[in-house]
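Beneath this line is the structure, given in C-alpha cells, with notes to follow.
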C-alpha cells in the first residue's frame, strides 16, 4: 500500500468527520416568536461544533506532519492508522452529547467526561503509532530515525495526560472542560504556526 | 504541507457540505392523499437547497481562484483556510432553519438573519485570508504580489457588506432575503463566467 | 480550472450522494418479535436504495465518458456541471419518498412522479452540457468535435423522454415505475458494457 | 476508465461509509442523572460501530490488494465493483439494527441474521469479481494470471461460508455472532499483517 493512498483515505475520513459535525446541531422545534431564544440557548452546540472542528483540523495537520516523516507504510502501521481514524470518527458522538447536556446538571459531568475520554483515546492512538515507528525506524525518513520517533512519542504524551486530567475536571466543571479544550486547540494552532515558522517549514511532505 | 493536500482536503469539505444539504430536506409525514400538498408546501426547503448549493459551488470556484494565485502554504494560511471551512461547513444549519421557518411569522426574520450572518462570516474569512496574503506576498505567484492581494481584498469586501445589509433586510422581508441570495449567486456565476472569458481563463491552477 | 479538479470534485459528490442513500433507510421501531415482519415491509426502501445506487453509479460512469472527450473546462461548463451535480445530489430525497410512500395509495403516485421528475431534470442537465459543448467544440478532443457533440446530445435525449413518460406512468402504477427504473439501470449497465467491448474501451481518460 | 479513478471513487465510498457509521449511534434522550446509565446501556451500538469500522477498514485493504494485481479495468469489472460498493455502503443499516436490537429478545436474532446476510453478500461480490478476473486474465498483472485469480477466488470463498454459517448462529446467540465478527476482523487484520511481512509487502500498488 503506497503512502499516498493511506493519506488520501485518511484525509477523506477527516474531511467527512469534520463536515458531519454540523448535522449534530439540530434546528430547534420553535413556537412562533421563540426561535431567537431557542437559537441562543443552543450555544453549547455551537461551542462544541467549533471546538471539535478545530480539534479535527489540528489532528489532520498533525497527521500530515507524521506522514511527512514516513517513507513507506507496512500493514501494522496501516492498522494503527485505522485505529486512529476509528477514534477520530467517533468524535461527533461526544460532541453531540456535550452540545445537548452541558447545561443539564449531573448529565453535564458525564458528557464532558465522555468527550475527554474520546480525546484521551485519540492521544493514545498517536502514541501507539510513534511507539511502533520507534521499533521499525526503517519506515521513517533517515533524518528522523528511532531517536526522532522516541522524541516525538515523548512529546505526544502531553495529549493523553492533559485530556486524562480533563476527565477529572469534567466532574468539577463541564464548562471549564469546554474552555480548556478550546484553549488547547488554540494553543496547538499557535504553537504549530510558530514551530512552522521557526523550522522554516522544513518538514515537508514527500508527495 | 504542500498546496495540493490543502486543496484536496478543502475540496472534500466543499463536496461533503454541498451533498449533505439534501438531508436537511426531510420527507414529510403525510396522510393518504396529502403528499402532493405537503411537498408543495416544502418549497422553502427546495429554494434554500438550491441557493445554498449554488453558494457553496461558487465558494468552491472562488477558493480555486485564490489557490491558483498561491505558490506555497504556511501554517497561518493553513489555519485561516480551516477557519473558512468552519464557516462554510456550518451553512447546512441556517439552510435548514430557512427551509423550516421562512413562512412562520417572527421566526422567519430570525432564520433569514442567521443565514445572512453565516454568509457574512464566510465573507470575513475570505477577507482575513487576503489580508494575510497581502502581508506575506511571498506565498503568492509573483504576478499577483502584495498589490494584487490588496486589490483582491478590496474586491472581497463587497461580500460581507452586502450580506451584512441582508441581515437588516431579514427583519423586513425574509423572502426578499432569499431572492437576494439567489440573485447574488446568479450574479457571481455570470460575472465569473464573463470574467473567465475576458481573461481567457489565464489564471490557471499550477497543479 | 483544470479538468482534473472538476472531475475529482464531481467524483466526491457522486461518492457521497451514493453512500448517503443508506441513511434514508431508517431502522424500524419494532416491538418484540416484530422486527422480521417490519424489515420485510421495508422492501420498497431497499428497492429504492438499489435503483438509486445503480442510477448514480451509471451517471458517474457516464460523467467520465463525457469528460474523457473534453480537453479543457471553461466557466460556463463549470456551472453547467454544478447544475448537473445539483440534480444528482437531490436524488436521495425522492428515493426516500419512494421508499416511504410506494405502498400508500394516492401518495405512491406522487412519490413516483417526483422521482421521475428528478430523473428528467438530470437528463436535461446532461443535454444542456452537450448543447453547450456543441457550441464550443474547442473544449472537446478533436476527434469528437461539434458533430460528435450533436450526436451525443441526440443520444442523450432518450433519457429525459423515457423519464418524462415515466412521470405519466407514475399515475398508473408506481411499482411499474420502480421496475422500469431498475430495468433502465440494468439496460444502461449492459449496453455500456457491450459498447465498451465493441469500442475496445477506446475512449480513455486523458488524465 | 483508468484504474486510478475507480480506486479513488471506491476509496471515497469506503471513507464515507466508515465515517457515517457514527451517526447511527444516537445520543440518548436522558433525564437528569441518567445519562451515565443510558450511555452504558448503549454498549451494543459502540460494539457494532467498532466491528463495522474494522470490517470496512479490512475490506478497503483487501480492495487495494485486488486492484494492486489489476492492470486495467473494463466495463464488466466496473459494474462488479459498483455491486461490491452497493453491498458495503449498505452495512450502516444492519449495524444500526444490531446496535438497537441485540439485547431485545427475538428481534436480536433477526438483527444479527441481517448483519450476517449483508456480510455474506459482500463476500459473494468479492467472489464474483475474482470469477470474472479468472475469465479475463488480461486485466491482471502477468504474474497473477488466470491461475492466481482462481487461487484468490478459492481463498475468498472462506468469507461467505463463515458469514453464511453466522446467519444460523444468529438464531442461537446474537451476542456470539458479534463476538465472531469481531474475532474475524481481528484475525484478518493479523493475518494480513503477517502475510504482508512474509511476502515482504511485494504486492504493491502500481500507482
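Points to keep in mind about this one:
Just so it is clear, A, B, C and D label the chains in written order, and each chain counts residues from 1 on its own.
The working rule: a residue touches a chain if its C-beta (ideal position, glycine included) is under 8 Å from a C-beta of that chain, and two chains touch if they have at least 3 such contacts.
Treat the numbers as computed from the prediction; the structure is a model and nothing was measured.
Contact with subunit A and subunit D alike is made by no chain in this entry.
Residues touching across the subunit B-subunit C interface largely differ between the two copies, under half of the numbers being common to both.
Between the CA-based centres of subunit A and subunit C the separation comes to 37 Å, rounded to the whole angstrom. Distance between chain centres (mean CA atoms), subunit A to subunit B: 26 Å. Residues of subunit A found to touch two or more other chains are 8, 12, 16, 20, 23. Viewed as a contact network, the protein chains form a single closed ring in which every chain touches exactly two others.
Contacting chain pairs (ordered by label): A-B, A-D, B-C, C-D. Across the complex, subunit D is touched by residues 1-2, 4-5, 8-9, 12-13, 16-17, 20, 23-24, 74-76, 78-79, 82, 85-86, 89-90, 92-93, 96-97, 100-101, 104-107, 110-111, 114 of subunit A.
Contact residues of subunit D toward subunit A in the complex are 7-8, 11-12, 14-16, 18-23, 25, 27, 30, 32-36, 39, 49-50, 53-54, 57, 60-61, 64, 189, 192-193, 195-197, 201, 204-205, 207.
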